[in-house]
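Below you'll find the structure, written out as structure tokens, and then a few comments.
Lettered A, B, C and D in written order, each chain numbered from 1.
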């Protein structure tokens, strides 16, 4: 097998089956599966970096009939993020669920989720996207109810229903595309789609569905309860990866497939929604009384930032400046992925130690759990967009695009959003570093604290200093239509 | 060798100041001025030393003026060191007298031998600020006096600082020798007058002086009235563009202020009860005379060559005599049986007022020669002022109480310097005596008689009405938190006018009931002696 | 107006009705039903797309897609019902 | 040699970063190891900076480049101006570390403290070595982050409040700076710091450049505590004394001032900035700040607050120096960067000592303290006299060159009065302290006498740092014209800035 493209999907899927068959060893299978899929992703990445976008037609059927897997720069970046984050979260989860009776269920679903994510990022076919989207949604819902509390079940149910609705919308868009162009292969579609009623109805339906999944304001309402009530490792993956999958799809659709269809006004509408999301999400996060709720609203805000890029990308001429902006978008998404998962894991550590996550009662955290407090601080730095995190670079480029395109309205949004992010982060840190007994006695560094701090370091240092990889990878595109 | 000593003369007191907390003998302080004395006596004129690495580059040199200032200055510094009370030399004494003394000395000596503006300024600042410790005393009033002094000194320093900057940019060199003065900026002139005017107590800028002179310990007053005050004068001599054409405004202004100073010193001084404050106002009056002369010299470039050396001489004379008077007064006030001090003090007073056969008289002759019949009225006025003030001083001395202390060392040292103080100027001028020199003295005597007459006639109030300290009070918003409210000069003038309006009759003139006769006799005697 | 178009339009109408009910209904069961109506609409559209004229055989691809979609819809519904049951159990306890 | 020129700037950063990171993970009780790590780092840094000074003096190029994003390079570049700031930071870091070791003995969270302390210095040195505006912004924000925990260190409500206010101001400032920097970056495609500036030849819209200047200066002015952006500084004095010392002397406040210098000289170019007319405004703000800070200081009874307002006033001398066009004023401003640091750190050390030994926090409690603590008070006196500008302490040299520069540039009419008024005000708020300390006798029992019965006034680690910095303040004034003095170095910089 000289084409490694199948492995990132196959490895977690096989591990999931294995974990199902052999529940007593599920933890080890889960960890091993995560590690192996990391290896597979690294393999794919190396090949993409060396020889450009690669493609695999499953079962030997040519694209259009069979299922095509494609990897280009964007997918590789997303894969890398998802596999690194899931690896770290898996290590954390192995401690978190070590004494839980739901351990084996968790690992099976977890590996399924990874499978779905990887398949989604690699899929080169619209219908497959739908399937992976559903798979992702379903496994995420089940994971989200693992906490077992009433609130988490209720939230998961809401999440499920809305997710189904979103998938339906997506699917009907797929149907329209097939009606219009007779193919679902994305590479073929990228070349074929032209502006017209079919295209724009299809695009708006698919986007509408994906907007729900990516929780863009005002469709974000399902996210905070779902994310904040799930078990910590699940929240981490939900916020960091699952939401990103929807954003990834929107990017693919808007930039590669429907680039002819997209209008400046449409992009502006999404941008405006993103702007409101930034402000609203940050504002509510500032008011939040619970740590995980704050993190969830912060996700709403961060997703808003990603959408701010759309009108800018639409206005920028194709070429280097646009690729730079696109890279910044991806970098922001990646940084957020790492930082938010670190944040949720740290919140989980605190919750397990203190039995609650009420922000006002977190005094003494810094003394009892210095590493976790440090993680929160680092993740906070990345959320605000301070150097040396990747989001700082991304914000720099975002502002730069604002100046280049002259779309000044985003300037106050970014400014206020940043200040609000600073406010909620440092509000939290202020409580965490204050003296108090909220968290219990001081203990040595636990195994569960390590993954979080590594994730946070990745968000701040790795993505800060080695971010140029992102810009190298982003222009490698499998689709002729655009820069994505 | 000379260059080395040049450097050492400020350096030694400076270093001593650093270790002053260990020096318990006054002889250390005494010895600190020895290099300066050596330079004054045997220093080689024209020796220079340049220290380019020190601050912005420092230049020291010894010219004729510097040498004279060093000689007389060093003597006063040494003499004053003996007057420091023993308790101030003990470790842990309040007020840091030793340190202040040594630092002020270092500054004073440094500015004398400075060859560039910056060195002069550094010395001037060092001296001016350290003198705070020479004035300060534990009493409320002394602390206030010291504070007032400090505020004025700071203002003076800053004015001088600005003037220096303007001059430096104007001439592109720090050296006095290269100070191109023909285009000196007007603002620099104004700042120079202000900066040094505070030190020489021009009227309006003198408010710090009476308090400091009356409340500081005696050695401090001696130093303030002698070497330090003359430093301001030296500053003018060094900085002002003599012999260059200049806007006559500045010369006239100085002349005017000087005359005002003479008159102010005389008028206010005559109403003081404390001999020390009489001496203080006499200083104001005398410095007024200097200022007027300098103003005159500024406006007459042709006469500078003759006039300046004589002004220096006059300054040196005053530099010696005034501290001697202060110290003598102290001796007098402390000595039991030292009635014979009175003649000695009288002699000093006479010298100060320019009596023939004294050094003062000699300098006066030189000055009127150098002035070449100009400004005779000023000399006359100055003479009257001096005579009146000195007679007031002597009178107060005569009537004042004495305590029982007695200190042999200070007395003998004082006596040793006495002849020098009185007659030193004869080194420059022979024993010529001019009858005209007596004119102001006679006038003063007449004035005194008239005053006496009026007093008898109108049966004045007996008690004196002014006490010292009135004139020095000053509200200082700057030193927040420790505000003092007291009478200012202006209030004093108001009160005087009030009294005046109540009738001239109420003036209580100096109370020289007996000494007026005494004076007249002396005058006659001299007139007879001079007839030959 | 061809038959296929009628089917497709019917599908679209079903879809919209489903969406409306999903969003507006309060309780879970009607919402789930609405979602299934929604799905039925979508599948109807797909099936109508398979029609390529009387002379040609039908396009097999949409059928395959519909089959997959049905599987997904059934499992999702099952999951939702299971969740709902669990919630009720918790309410009873 | 090639490798050397690349690695030296990085080495200088790492020499405090690595000890800082290591210290974070040391348990509290490993006091000795922590001390050694700190001192080792400081000494290595000193050594490296020595090499840097020598190299830059001989016009060697030290540069490290690392591409972080397209068009965004992380550049460490040592020019004369960097060296000035780097050596100041390094030297004072060493002294402050020693002081902090003494000061924080037996207090909790020392590992955290020293960790952030080292990070703070790393950020400061990074600011100094930043070779372009982007790198500068990076370190500017890092500095904010590293300082926040230091201000909040005590954990008391006041400390947290002070830190919060600090953060509010600095995040706002950092944001504006970033916006300005991005804007400028977008217009020029890269903002390297080049002696003499890069914009005069760029042919850009002047009013845009003015707006950008405003953004940058407001952003930097927050840290430089320009009025009305100074509000955080007096609140931040709740920090422990070594932090205040470093904050006021080297790290935060100076970072702002240094940034203003960089922007004016190496981005806009001072002549071009003057041409834009923005310097007049800046000069006016600096003048207002100088006077306002002094006036506020006058009415503070709390010693550290008084010192804080004094910093507000003094740092604007640097800004004033840059706002006046001409080499002499430049020298004055630059040299004050160093001089103010050395003098102010002395004052804060002394204030810390008073609090530590006798519990004195207020000026009104200082009566007679000079007799009880002569060494500390001597250091304080030298620092205070220097602040007033009394020769031969360093502050005099700064004022001298500022004044000269103003006269040379024809700005004497407004600068000299400002300088004089400020000197008088400085005297008015410093001299009463000296008076109380030296000339008054103790009027009330000390608030908390912790050294009663001790032979020496304080342990060596607390007494010697202020004495050392006081001696430095005296020596750099006395030997201002000697080679390698700050003044000589400032002249070197001014020479290179005005070479065109």
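Rule of thumb we're sticking to: a contact is a pair of C-beta atoms (placed from the backbone, for glycine too) under 8 Å apart; a residue touches a chain by one contact, two chains touch by 3 or more.
What you see is a predicted model, and the numbers here were worked out from it, not measured in a lab.
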item: Between chain D and chain C, distance of the C-alpha-averaged centres to the nearest whole Å; value: 68
item: Centroid distance [mean C-alpha coordinates] between chain D and chain A, Å; value: 42
item: Chain A-chain B separation of Cα centroids, rounded to whole Å; value: 87
item: Graph class of chain-chain contacts, one of line, ring, star, complete, other; value: line
item: All touching chain pairs, where touch follows the definition stated at the start; value: A-C, A-D, B-D
item: Residues of chain D touching chain A in the complex; value: 24, 66-72, 74, 109, 112, 134, 137-139, 141-142, 144-145, 148-149, 152, 155, 160, 163-164, 167, 171-172, 174-175, 178-179, 182-183, 185-187
item: Partner chain C, residues of chain A touching it in the complex; value: 65, 127, 130-131, 134-135, 137-138, 141-142, 145, 150, 153-154, 156-157, 160-161, 164-165, 167-169, 171-172, 174-175, 178-179, 184
item: Partner chain B, residues of chain D touching it in the complex; value: 298-299, 364, 371, 389-392, 397, 399-400, 403-404, 406-408, 412, 416, 419-420, 423-425, 427-429, 431-432, 435, 438-439, 441, 477-482, 487
item: Interfacial residue positions of chain A with respect to chain D in the complex; value: 320, 323-324, 327-328, 331, 366-367, 370, 374, 381, 384, 386-388, 392-393, 395-397, 399-400, 403-404, 411, 415, 418-419, 422, 426, 430, 433-435, 464-465, 467-468, 471
item: Chain C - residues contacting chain A, complex; value: 8, 12, 15, 18-19, 22-23, 28, 31-32, 35, 38-39, 41-42, 45-46, 49, 61-62, 65, 68-69, 72-73, 75-76, 79-80, 83-84, 86-87, 90-91
